[in-house]
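What follows is chain A paired twice: with chain B in the first complex and chain C in the second.
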Partner chain A sequence: MALQARRFANALVVDVSGRLDQDNCDAFRADLMVHVEQSAHDGGSVVLDLSGLEYVSSAGLRCFMLAYRQAKAQHGRILVGALQPMVAEIFEISHFNLVFQVFPTVREALAAASSDAAASYDKAAVA
Partner chain B sequence: MTFRVRFWGTRGSIPVALTAFDIRDKLARALVEASGRTFDTYEEAHAYASTELDFSITHTFGGHTPCVELDLGGPEYYVCDLGSGARPFGVHVLANQSRRPAVVNVFMSHVHWDHIMGFPFFGPAYVPGTTIRVHGCHDVIEQAFRLQQSAPCFPVDFDQLAAKIEFVKLEPDRPNVVGGLTVTPHLQLHSGDSYGFRFEKDGKSVVYSTDSEHKLENRAESESFAAFFRDADMVIFDAMYALAEAISVKADWGHSSNIVGVELCQMARAKHLVLFHHEPANDDATLEGLLKEARRFEELTRGEQALKVSAAYDGLELEP
Partner chain C sequence: MAVVAIDEKAIAQYGQWPWPRTRVAELVSLIADAKPAAMALDILFAEPDRYSPAAIEKVISLPPELAASLRRLDSSDAVLGRALKRVPTALAVAGLDQDDPQFAGAPAGPPFRFVGGAESSLRSYKGFLHNTREVDAGAASHGLVSVDFEGGIARRMQYVARVGVHGVAGLAPELVRLAVGGTLALHPAAGGLLELRFGDYRVPVQADGRAHVYFGRSDPSRFIQASDILSGRVDLAPLEGKLVLVGFTGLGLQDLAVTPLGESVPGVENHAQAAEAIVEERFLKRHDFAPRLEAAVLLAFGLALFWLAPRANALRSVSALAAGVVLIAGAAWLAFRQAGLLFDPVSPALGGMLVFGMMQVGSLAEAQRQRQQLREQAARMAGELDAAKRIQMGLLPDPREVFSDEARVSVAALLVPARTVGGDFYDCFMLDANRLFFVVADVSGKGLPASLFMASAKSVLKSAALTVEGSLGGVLARAQDEIQRENPESLFVTALAGILDLETGELEIANAGHEPVWIHPPGGKPVRFDAAGGPPLCVMDVFPYPTTRHALLPGEWILAISDGATEAMNTAREFFGAERLATSLGWIGEDAGAVAIVERVREDVKRFSGEAEPADDLTLFAIRWRGGARDPRQSNAVGSDAI
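On to the complex of A and B.
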């Protein structure tokens, strides 16, 4: 699972796709932590775009939790957006929706991160 | 052939009880649900309560700490842990024996207080002629039993008990024959170590796996437990927390979650997951919610074989 990241002002949108489980969570976590640390260093937020994520197991959810804690320790933020229905339900079932701010779209997550990030996203969409 | 699992205590950490407020709340919720209906007899009202109201309104999960009996239908008794549920279990044994001395085989997951606190109140221990064989893998089981009955904590010293009490050491990951059962212990992650037990009899298998944390990043650990649970007819599983709790604020507390229970049982192709060792801070509605969430997660992730999911409560009886 290679992670692609896009910058919108002070927010970094990280695309998560495929299946996230015990088989690939170690590599995913290592990649994600690089983005989380970079974002925290820059004083920004990370938005996880989960529109391509088909399934996440408990091991995958643990990666999100570790990233959340890492960001919090460095005074950063992680928000999640655009969850597919099944992943959204898994977030609720596992009570991860009580830990993360979950948004219907990446645009709304960016707007919650900062108005500059949302404006940058809108500009890129028009272009 | 009899193989019945009877839950005498299902709560973790410390016993809890319904309060007057809780009872009033259940009554008020039932009245709201029944608004507009009329019942001419007690039986009609009972049938309505039994079939149409949520479990958390009409029942309680109970508050005794772990004590689970395996009833093989024979003359001897088999029980996992002696939490506060051992008191009503002892009442059951005494009533069943009608003054005949009993033979009770105990399997200790570990000796944390919630798993031994019922023993000083276990009636058969005070009956001459009773034999109690306490099986386990720890070296400190006898020491813990004696310690909790030492002055000034309890008025009856362990040596004053009338029953003949033996302590039998079991080796992990080796099948042991105890009476009518084959028992295989397995090391679990918990402060001071705990052991799960896989019980097998006449082709049926029940796994008792409580006070066990699972590190989700460790594939070898998951596979080890999947092998321990393999094709089990029933897995009684430490599901103390929701997943988010279990891997954040309560990480390293030695317990697991409903979601991990579903995943491990699916890996193992087990047939029936029974959520156990309920968090004492959770009320009946919260526990019922965790059960519904586990069932939904099982539906979402189901492979070729469906997994039945239940939540244990004090008084529940199940056949594997």
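On to the complex of A and C.
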């Protein structure tokens, strides 16, 4: 699961897709941390675009938790957006929607990160 | 080239061997009449003839005058000797490894010269078996009749050897030499070989005097039956100027040899073939470096296979082996066909196959050893996991015991562990006379760490439940604090905790990221009780877990589950899901006890999963509240039931 990142102003949008479980958790975290560190350094945020994420196991949730802790330790910020219904339900049941700020769309997540990021996103969408 | 065969027919017609020498002399005379170039007899006349006139008196008593006149007659040996003189004839001698005083010295023959120490490793006989003096008087020369049998196959014949200090040629080269004339000399030649020279002939032989005979197919047309000659039934004119070999082919005379071409041919034919090969100058040479070359080929082939086998797959290795064998065999065949050079392709080929076989056996053994190791590892792991499972299961209370004398409630619990240890657990106990505490939890992760974490989480939750005053949410918050303190693996645990007041039916629920509880009011439908909650314990450092309250009606039941139920998968990788669970719960009868509820769900999940291996633990915890003690409806109720 190679993470693709797109920059919008001081926010990074990272695409998470497929399934997140025990097997790919470590690779996911390692990849994600690169982006989190970078954005924390810039005083920005990371928005996880979960539109391609089909399923999260409990090991996958732990993975999100560790990312959350690591980001917190580095004063970074992770927001998530565009959850598929299955993943949204998992987030609701596990109340991980209280751990991360969850938004229906990436645009809304970016808007919560900074107005510049949202503006940059809109500009990219028009282009 | 002709072979005069003394065969079964001759024996049948002229009596058993040995014939009277006069009859042999008659045969020789008839052949001599045809004026062949030379003749050789592959027959030894080592003893005086029993049928000589002088010998008769030794067998039967005769009148003295008759015996005397018989003695005056020529012996039949002398008759044969005279007949032999009519044509240049080589007689057979057989080399003996012991000195025979009867035949001292060397058999008479032409001068024989050794050149350049050629005789140094020549086969050397101490003595020889010879014909009787009278027969031998007719011989122009002598030839050795030793065939070297190798594994029952005549490959090499002694073309030249030493008897005492003298050189003697084999019967075949000697026959040829008689025809072409010249003296014999043995010279060293290239490749550690020797050369037997006479006239213009250069016959290559090995250092020990043996030669590989270039055998051809046995040719019946070169045989003339002795009986036909004796009875005059055959025209001998074609024999003029030819080489003639006389010998036995009678089966009863046991002189058959198997040639490398696989035929059983009479021994005499070996000599005939050898003589023919010499005349046609078809020679086979096996140089002294041949064994070294074969060893080098074997080594190279073996090393190549040794290098290749671990690097290529089985099919390629076998192909390489086959290609190598074909190449070696082809090269040896070419050398034989084109240059008459003999190389042994069998040893390198067999050696290569042996190397290959051993490597295969070796890698097989290695693979087996690895499998064994994996099995042992798996067994050890399984042992540890079994231990973990036993720890996990041993920690779980049995509601039957815990609430054995509790009439107000029916409690049942079930935990079906997945094959790998999951982190589910549940607990239930009385906080005081009326309040029943329960918790169903799931530790993230699997295996031993999860199992140990689960044990500690369970005890922390219990102590928090027993000590924290106030809300149930506060219990979870305290538990989180405690668990967090020793959580090196950064595991988290989802937990659904509840406190049921058995008197009033008041239910408190606090949820830390766990599957919601299901509630079934009497006469109603089962519903998911989506109480407010928080993230799993240990995800966030601090979280104020909310507490939700719900008043149960007598007969109302609740079911707490783990995600092993909703996320149970079938072989099509579909989840059991909340909807199927709701349907399953809807079928449960109004009066079903806690055990029946749990069993029903378990059965439905099992049926849904089918052959699919459960990925996660399945935990079901059901409570049916019958009503408080003051409630008349539960006065006849029996004790709690559980599995």
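The rule we apply is simple: the second predicted complex is superposed on the first by the 127 of 127 C-alpha atoms of A that agree within 3 Å, B and C clash if a C-alpha of one lies under 4 Å from a C-alpha of the other, contacts with A are read in each partner's own complex, and residues count from 1 in each chain.
Note that in this section a residue touches a chain if its C-beta (ideal position, glycine included) is under 8 Å from a C-beta of that chain, and two chains touch if they have at least 3 such contacts.
These numbers were taken from a predicted model, which means no experiment stands behind them.
Asker: Putting chain B and chain C on the same copy of chain A, do they fit or clash?
Answerer: clash
Asker: Based on the superposed arrangement, let me know which partner A:47 touches: chain B (first), chain C (second), both, or neither?
Answerer: Neither: A:47 stays clear of chain B and chain C.
Asker: Under the stated touch criterion, name the partner, chain B or chain C, that contacts more residues in chain A.
Answerer: Greater contact footprint in residues on chain A: B.
Asker: With both complexes superposed on chain A, which partner does A:96 reach: first (chain B), second (chain C), both or neither?
Answerer: both
Asker: Applying the touch criterion given at the start, work out whether A:32 contacts chain B, chain C, both or neither, answering first, second, both or neither.
Answerer: Touch status of A:32: no partner.
Asker: Using the touch definition from the top, say if A:80 reaches chain B (first), chain C (second), both or neither.
Answerer: neither
Asker: Pick one for A:13: touches chain B only (first), chain C only (second), both, or neither.
Answerer: Neither partner.
Asker: Looking at the overlay, what does A:67 touch: chain B (first), chain C (second), both, or neither?
Answerer: neither
Asker: Of the listed stretches 93-101, 129-137 or 255-263, mark the one in chain B with C-alpha atoms clashing against chain C.
Answerer: 255-263
Asker: Could you list which residues of chain A make contact with chain B in one structure and with chain C in the other?
Answerer: Residues 22, 58-59, 61-62, 65, 69, 93-96, 98-99, which sit in both footprints.
Asker: Where on chain A is chain B touching in the complex?
Answerer: 22, 25-26, 55, 57-59, 61-62, 65, 69, 86, 89-90, 92-96, 98-99
Asker: In the complex formed with chain A, which residues of chain B make contact?
Answerer: These residues of chain B touch chain A: 216-217, 219, 222, 242-245, 247-248, 257, 259-260, 263, 293-294, 296-297, 300-301.
Asker: Quick check: in the complex, which residue numbers of chain C touch chain A?
Answerer: 442, 444-446, 490-492, 494, 511-516, 533-536, 539-540, 543, 563, 616
Asker: Which positions of chain A touch chain C when the two form their complex?
Answerer: Residue list for chain A touching chain C: 22, 58-59, 61-62, 65-66, 68-69, 93-96, 98-99.
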